[in-house]
Amino acid sequence: MSASTVSKAEGIYAKAGSLSSERRWALWTAYASLIFAAIIFLAPPVYMFVTSLKGSAEVANMTGNPWLVRNPTLENYTTLLSNRPFLKFFLNSAIITVCVVAITMVISILAAFALARMRFWGSQFLATGVFLTYLIPDTLLFIPLYQIVGGLGLLNSIWGLVLVYPTLTVPFCTWIMIGYFASIPKELDEAALIDGATWPQMLLKIFIPVAMPGIIAATIFAFTVSWAAFVYPTAFVTTPDQMPLTIGVVSQLVRADTFAWGQIMAGALLAALPPVIIYAFLMDYYIAGLTAGATKG
Amino acid sequence: MAQVSLRKLVKAYEGGVQAVKGIDLEIADHEFVVLVGPSGCGKSTTLRMIAGLEEITSGDIAIGGTLVNDIPPRDRDIAMVFQNYALYPHMSVFDNMAFGLTLRKFPKAEIKRRVDEAARILDIAMLLDRKPKALSGGQRQRVAMGRAIVRDPKVFLFDEPLSNLDAKLRVQMRTEIKKVHQTVKTTTVYVTHDQIEAMTLADRVVVMNHGVIEQVGPPQELYHHPATRFVAGFIGSPAMNFSPARLEGDAHALRVVLPNGTALPVPEHRAARYAPYVGRPILVGIRPEHLTDKKPTDKRNIADFPAIPEVIEPMGMETLVHFWMDGHEISARLDPTCPVSVGVPITLAADMDQMHIIDPATDKVL
Amino acid sequence: MADGTLAAPRPAAIDGTRANGMQRFARRRSTIAFLMALPLLLVVLGLVAYPAGYGIYLSTLNRRMTANIGLGNYEILFDSDTFWDVAFQSCVFALSAVFLKALIGFWLAHMLHHIPAKGQRKWRGMLLVPWVIPPALSTLGWWWMFDPTYSSINYILNIFAVPSVPWLGEAWWARSAIIIVNVWYGAPFFMIMYLAALKSVPEQLYEAAAIDGATSWQRLRYITLPMMANIISITVLFSLIVTFANYDIVRVLTNGGPRDLTHVFASYAFQVGILAGNIPRGAAVSLFMVPMLAVCAFFVLRGVTRRNKEQM
């Protein structure tokens, strides 16, 4: 860039000044955009929280700002936490999620190890197949699955959900585990092979510990997906007794006539708490898992 | 402790590409053999076949008299040091070294004794609790060697172990490896692309090119009596100068005539060897260290050699001079006190006792 | 893998016996590998491939599933106005939502990339919250915010003298509401993906471009975008698939109303197949998603393979 019209020294100083003001401007725009986005992004959960602290009289009161709470009360939360059906939803979600996460991780770690390292007839084909499976949305197959689960007599049962949820979790977890395993240098397994390790020993003593960040990321993914699953439970479960949280809150707390908004919001927030807590504590793993699909493997 | 034998060893990949084209090699007990050659010459593949990491297409490998062709790596009783060290990142140094013994269910006390002994030899006793991530390159290298030593295997295999280190550390670790070998005396096969590493470490050097062995021999023999043009050019740094030439004269007064007309007399005792090639095109090779400014007392086997320096590289202990002759770059190593400047003609002395004549048809040194 | 059978005739073994351990080792390895991958194979075959085939079969049955009526269900759907509304709504919803998500995500990723590294973690953490809450639950919150009498959004609009909006009562407002919620939920995902891509562009490229005299716009145009093109396309196509097949938001926010005008394929298939009990026709409705999904999936796969090749 030239500063031919001004004298050399002035040119340099003038340039420096404009550069820094340009930077300041860019920084300003950045912060303004981020603050604006944060307000929009956080408004719904904040409003849910505000509502959850209101008694029903205050919810129904149309005067005044709905975004403010005048008489905060924990009444909604205490009601919910002593409400048997709601606790049952929680328990159902917990059982389903723990089972699904365990099944998913066993299946995908074993398969990813075999696909990433051992190669057998058709392994390349299977790896592509896994990725394609990941691209099939749950809403495409829920009707045939409804028939199949019904045929097995597992409709209206949490075990029916435990059976079908792996379709949501296994493909992606396998895919990112293949990526993590593939990034382990080949010399490491050769060294282990020479040191005398068998394949199962190699998986247990080398691959699993070394790929721990990937395993944590995949576990978080499996957890959040099975906690948030909505289509399958909505289709397969209609008895409140067997409902997980998502459909339980949506279908049971929302009664057509009495809109107990405070309680609904409290229920939704409580139901969202486990994934949010995990996110808060394991944000880096969470994000690694999120971006792994496109950047790894 | 064991000898290693390779018989007609071949490695072919799918598609018919042959990485190793039938090599024979006998490695004696306690011997330190270095496989050296440019990348893609098949040296690493050979080592990996000895380790059992690559399947053998045909031929035989025997370790300590036992045919190991079909024995998986863990039962071959070998240890290997990798270029990137391949330390288990989640284990401490102690666990890294103990891993092979743990898998073989050695008693705890024995493992500890062996690891401590190896750590003492390698001077890494204070690092045993650390993770590999907390180690420097040289320390990782030592741990990788320690992992091999504790196993007390029949054979050590090294795959370019020093390539990831910086130049200074590489020299230091080279000495270290030699010292360790002198202590434990385990038969060693060592792969490198660096001919200096090969020369300094080896009892015998195996020069490989395009999947075949060009020459096997002790370092001095390879340096003074290369068998082929490839070995002549590969061993030695800076590399040997080559120029096309013709042989003229008769068995009593043989001369090498360069394309620009310079005639270099051939020493009498070598004349008989070259006589059949008189009048035929040949390739003459001479190392830069035998192309000097000095005027030694024995004038008989010295030939004068005119040159106009184009690039001058003072190295401290010597000065490298590069000049062009008929499109070939020629280097000479001069005494640092010798006054040279670019473009000013000088006369060099070629030590004709040290020159090599190559038949371009076969690339064999005559 | 090459195996021992390729070998030329070998001389008699040095040590006499020659067990074929190496070969057995290799064969055992692939047996173990196959066994390890077997559960995955069962999931893929039993819970994806089989249901897919079964779904196609189902879609050719009559309502009571007693007779095969061939393409009858498809013909009926083709003749139904509601079905075409659904197809139209699905496309409008998916295309506009993904476009907005990609745009907002890109903008935010860029802004996030420009602030000092120290603060990025905090902002990133805050901005990803919509993605973390299960969408069925956060949509409940939006539903309440869109409530016709108590709408807190209208309250804010009124402050700025904008008249109240009948969010879920009118077709176009309801459609917009669905798009807004989906964008709110999905934009953070785009932001995170793009941020990861931005961070993977080596700083030296920008420095070299700056020295070559590139303006910030030119740097974006000639360095950032080409370097990110692959991730952008993978993310967009992937999001198209997910958005096109979305169910949660429609189910909670409008349940297809008003007058079935906000149904997308998934919610309509649910309505027809599960709620109205016409399983075969429901299966036919969801199968209509296949062409769109297949095209996207093909390009995602191509993008990912290409990316893998580049990285090697």
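Letters A, B and C name the chains as they come in the text, with residue numbers starting at 1 for each one.
Everything below uses one rule, namely that contacts are C-beta pairs under 8 Å (C-beta built on N, C-alpha and C of every residue); 3 or more make two chains touch, one makes a residue touch a chain.
These numbers come from a predicted model, not from an experiment.
Placing every chain at the mean of its C-alpha atoms, the farthest one from chain C is found to be B.
The greatest number of inter-chain C-beta pairs in contact is found between A-C. Chain A and chain C have centres, each the mean of its CA atoms, that are 13 Å apart.
Remark: chain A and chain B have CA centroids separated by 55 Å (rounded to whole angstrom).
Across the assembly, chain A contributes no residue that touches 2 or more other chains. Shared interface positions of chain C, defined as residues touching 2 or more other chains, are 1.
The multi-chain contact residues of chain B, meaning those touching 2 or more other chains, are 52, 72. Every residue of chain C that touches chain A in the complex is listed here, in rising order: 1, 29-34, 36-37, 39-41, 43-44, 47-48, 50-52, 54-55, 58, 104, 107-108, 111-112, 114-115, 121, 123-130, 132-138, 140-142, 144-145, 147, 149-150, 152, 155-156, 184, 187-189, 192-193, 196-197, 200, 213, 216, 231, 234-235, 238, 241-242, 244-248, 251-252, 265-266, 269-270, 273-274, 279, 282-283, 286-287, 289-290, 293, 296-297, 300-301, 304, 307-308. Those residues of chain B that touch chain A in the shared complex are 51-53, 72-74, 76, 78-80, 82-84, 86, 88-90, 99-100, 103-104, 147, 151.
Residue ranges on chain A touching chain B, taken from their complex, read 185, 187-188, 190-198, 201, 205-206, 209-210, 212. Residue ranges of chain A in contact with chain C, taken from their complex: 1, 26-27, 29-31, 33-34, 37-38, 40-42, 44-45, 47-48, 51, 59, 62, 65-67, 106-108, 110-111, 113-115, 118-121, 123, 126, 128-133, 135-148, 163-164, 166-167, 170-171, 174, 199-200, 224, 227-228, 230-231, 234-235, 246-247, 249-250, 254, 261, 264-265, 268-269, 271-272, 275-276, 279-280, 283, 286-287, 290-291, 293-295, 297.
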